[in-house]
Amino acid sequence: MLIVMKKDATRDDVNRVRDHVIALGYQPHEIPGSQRVCIGITGNNGKLNPEAFALLHGVDDAIPVSKPYKLVGRDAKPENSEINVEGEVIGGREIAIIAGPCSVESWEQLISTAEVVKDAGAKFLRGGAFKPRTSPYAFQGMKEEGLVLLREAKARTGLKIVTEAKDVLTLSSVSEVADVIQIGARNMHNFGLLEAVGELRKPVLLKRGISATIEELLMAAEYILARGNYDVILCERGIRTFEPYTRNTLDLNAIPVVKKLSHLPIIVDPSHGIGMWDGVASMALAGVAAGADGVMIEVHPEPASALSDGFQSLKPERFRDLVEKIKQLAPIVDRALSLEVA
Amino acid sequence: MLIVMKKDATRDDVNRVRDHVIALGYQPHEIPGSQRVCIGITGNNGKLNPEAFALLHGVDDAIPVSKPYKLVGRDAKPENSEINVEGEVIGGREIAIIAGPCSVESWEQLISTAEVVKDAGAKFLRGGAFKPRTSPYAFQGMKEEGLVLLREAKARTGLKIVTEAKDVLTLSSVSEVADVIQIGARNMHNFGLLEAVGELRKPVLLKRGISATIEELLMAAEYILARGNYDVILCERGIRTFEPYTRNTLDLNAIPVVKKLSHLPIIVDPSHGIGMWDGVASMALAGVAAGADGVMIEVHPEPASALSDGFQSLKPERFRDLVEKIKQLAPIVDRALSLEVA
Amino acid sequence: MLIVMKKDATRDDVNRVRDHVIALGYQPHEIPGSQRVCIGITGNNGKLNPEAFALLHGVDDAIPVSKPYKLVGRDAKPENSEINVEGEVIGGREIAIIAGPCSVESWEQLISTAEVVKDAGAKFLRGGAFKPRTSPYAFQGMKEEGLVLLREAKARTGLKIVTEAKDVLTLSSVSEVADVIQIGARNMHNFGLLEAVGELRKPVLLKRGISATIEELLMAAEYILARGNYDVILCERGIRTFEPYTRNTLDLNAIPVVKKLSHLPIIVDPSHGIGMWDGVASMALAGVAAGADGVMIEVHPEPASALSDGFQSLKPERFRDLVEKIKQLAPIVDRALSLEVA
Amino acid sequence: MLIVMKKDATRDDVNRVRDHVIALGYQPHEIPGSQRVCIGITGNNGKLNPEAFALLHGVDDAIPVSKPYKLVGRDAKPENSEINVEGEVIGGREIAIIAGPCSVESWEQLISTAEVVKDAGAKFLRGGAFKPRTSPYAFQGMKEEGLVLLREAKARTGLKIVTEAKDVLTLSSVSEVADVIQIGARNMHNFGLLEAVGELRKPVLLKRGISATIEELLMAAEYILARGNYDVILCERGIRTFEPYTRNTLDLNAIPVVKKLSHLPIIVDPSHGIGMWDGVASMALAGVAAGADGVMIEVHPEPASALSDGFQSLKPERFRDLVEKIKQLAPIVDRALSLEVA
């Protein structure tokens, strides 16, 4: 913390701040400037609350210097975290391909999509059973029945299941089926849910809130790690900006920034990010080029009849093309995509 | 819904859209233009999903015409809703003054603040027992113990209690003490919590999410009304913009817009909105001038030692001045503030 | 400037930064912390460029401490600036009322509006002769002919003229007619134009760009003051946010912030700010309540036939009501509005 | 245009709108719905002004259907535009590499950078002689002297020159040296400057304003094409969002959107976009993967001593690596990068 005194602060003002710092158990370091005095604070372990100083008489500003997170930062763990999801690793050399429908709608829809995405090279099947929706009148998912279908799809295909837990009440049933528990963008600040998945020992896919800063995303992950669950995969899925043409603004800048600040893997969700199917492949490739550890893509056999997000879903053949391109792109950014024989 | 065909759409494309509309049970109305054909859809009850049409061949755009909400709109109820909180009405002629500390910190802090705000003219005491915090290492509130103190403060002063329910698990205990259950900005899209308070028969103060559009705020209220709880008070508390100087950007434009679209009352929270104590009074007055039904103000006897949000809290004497000014301002906007003898 | 060293910075890294500071002619102040070293810099006169330090080896961050502006800040001039516009003062006790059509469209339209706004209490007539428009196919104003009409309207009514200079080429002809030269939001960063009005000795109304921070607005004003023209009036006219319902988001938070940081007067333009006529009066009142020195209102005798911005223009009788309310409100915020007999 | 009537609109209201449409020379098409009447308008050539209808009695909303631009849209020209810059084509199969220092600072700095970037594969040299700066006290460029150096660098290396015209006054001298005239983000809405470059017959690089929508960027290009200059290259260089960590948010979503809507080429400027050198290469690769026609990169032999934007400049060896990766990536997105022997 750096305390910047006002130009007209008196010696008494400065002394009062010094005493306050000492009273809190820290050391004040006075920096006498030509225009104003600054006071550096040391001895604190982590970020101090600037408000406690900003209100003292004669103080102009209180500027934090330390970062507010601990466990998720590169200071705590310099090397990349690799998350093992039943044998498939996210955050290593291999690009993770997660694909499937927005919502589980029926057995036929789910299994046909699952087979298509597996055939194209995905190792993970996504699909929502519980769907948070802006309107109370919109389709809210097949719920428990959807989970049953996901379990069967996994048994049939061997794909790992990524599905969303939308609240604490349904977390345990979701957790029984999910190999990766997804926390949606609207729940990034649902601290009770973060704490609950922090108690589990199962990988969590944490989506960035649409107006969350990168630091807030890292702090939300910190909630989970602080409870002992270190298997967190971050996900950039588009932020809210002034631009009306795209559903959201997929913020690929977050990829190199997260890679710099944190050891956690980060994937991108271009389907929600740009929200129009004819931009998804471009943004998925761009995400991998930017350094993402994986992509999550909505695929639907018949997008026009999807119960949710049809407009942003890829048809199977387009998805297949995309995976092929990602495979070619991966080595350029020192990654790989190993497509096994389906 | 209006379907806009592409300029090069064929007669077959148009017919296919017409057939699709008819198959869904609605009526298509073809509008032959010089450049392109449009097709209006009627017979639907509420908003259609544009995606179901946007993917049909030859379609350029699908534009929703109906509003997505029903119960919260002026169409459903033209006159203003007045919410009765144990005898105190919010949304009527009287401006509601809600004040108190950000967090309940101790009996002394709470009761001294309660007496001060009552004395100045507040009818409602705010104070958080459960505090959602961005950092897992920050003070999370006194929890159950805080609720006990709020109950005692109510018994002592007669002030109605406004306090936050941060999740479904603690809702029932909060509900026992609260006269108005606050849903915080980070929970505006916590649909499970919205549904749970929708089942109660107790007034709810619903804060706008920091990146929620006005329509999304109304849709969140719709979740509560759809479950039968009509006593919802909206709260503008600042949105996130590019401006770094203020904590948030209190969006007073939302006041006249909500008043136009909805019958629900709306109050403003300038303390979180601007986030700096020396701007709170200005923004509170501005909120009342813009037509707000009340204000919620953070007051703390010693802001510099507050455990949260001290920088945006008013000292008692400044709060007293503010209430006096609101009283003078109210009649200019056809409202009133009746200060009883304390 | 505070230089924050990395945790693993070496003694050599620290010394290199110290040497660099000294080489630039400033003094380094080393603050040895338990986790990392910080180095405060003093001896500089104004803001340093953080980039010059951020790239040095071992440096984690370089945090500016000084404010980048000089002349517009309260440090340079603690008391409010009052701008004299041919006898009418903006920035004093009196609230300035500036009103008129968006564009000058004809003599009949201009003079009828001018008489109406004068009659209601305005001292300033606004009206655009040169109109910057997003589309090259939209009405671009009456140009020189519009200036002639403005001059005649001033001669007839005595109202002071506020009109926009949209580029350097037409500045001299605008300047001959205008009593206050308006710089539009899209030109806030047109530095050539700022420098040109800085050379004049005539009041300038500088509108905040739709995505300009408050600091950037002050820096744009600094361009004008730095050339010797101290008569600058700032204008908040709405910023661009994610909210689609309103044309812009009138940011009233900027009023108390500007009042805190700068001695320059600031007015609000609620017509562009909210962009819908049925919200203009509420936001104008709110602006005055927040501490604005004046309001600028679009008034049109027949909004439905206006060539630009009809949807946000007030009819004369609504404008008259608004001025009456501002008059009542002014004393509550220690201001006044003196309506002379028309 | 679609006119949506209010639910309680009368037959007279509807007739009045119909008459108004006919009076304007268009055809009304009434769509009788169960809840409300809508009226489609045909016969117009281009976008109508919604305001002219929104104010009529009984009208709830007026929704534009046509796009506001003509010449820049795919409707006007379905195939991609290829811009010939003295033999080098932008917008064809070849990825354009534009590189150089932010500002021209000296002959040694310019020529050493020019040789480095040419050697690495760039065909275009960027470098600012006239620099728009937020602060009046910052380095404003070498101006005319900088242009002389750029001319000499071109003579020496054969690189095409991309340099900014910051106002109409200096346009002719810039135009004499520039092979591509850059219009900066702050000038995207400087309509006088857009018109002036529209009169020239020389390629223009038009940067997106930091808060400009994609449609506004296209409308700004429309200003140039409408004056007869069809050689416009668009440039995404980062938008302003709430995220504080990066200087701007490079919006790569704009690439597939512009490619869908317009025939004009679009390049990306990751240096300004993300604003931190250690993210530039990732974002440049991502831009090419997203479909950009080229990249513009700031390169400086000694970033730490640059007079502007040093923090976002690449060192020569990093730039060389980046170009090599772009060359490998290009064929995956059906592009090429032909590196000649230097």
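In this document, chain identifiers A, B, C and D correspond to the written order of the chains, with residue numbering beginning at 1 in each.
The rule is short, and it goes like this: a contact is a pair of C-beta atoms (placed from the backbone, for glycine too) under 8 Å apart; a residue touches a chain by one contact, two chains touch by 3 or more.
None of these values were measured; they are calculated from a predicted model.
Two chain pairs, B-D and A-D, are weighed by contacting C-beta pairs, with A-D ahead.
Relative to chain D, the most remote chain by averaged C-alpha coordinates is B. Chain geometry summary: the mean Cα position of chain C and that of chain D are 27 Å apart.
Mean C-alpha position of chain B lies 38 Å from that of chain D. Inter-chain spacing, taken between the CA centroids of chain A and chain D, is 30 Å. Residue positions 211, 240-242, 244 of chain A each touch two or more of the other chains.
The residues of chain B lying in touch with chain D in their complex are 2, 4, 7, 29, 31-35, 38, 40, 42-43, 45, 61, 63, 65-66, 75, 211, 240-242, 244. Residue ranges on chain B touching chain A, taken from their complex, read 46-47, 50-52, 54-56, 68-69, 132-137, 166-169, 186-187, 189-192, 209-211, 216, 219, 222-223, 226, 240, 277, 303-306, 309-311.
Chain D makes touch with chain A in their complex at residues 211, 213-215, 239, 241-246, 249-257, 260, 273-274, 276, 278-279, 282-283, 285-291, 325, 328-329, 332-333.
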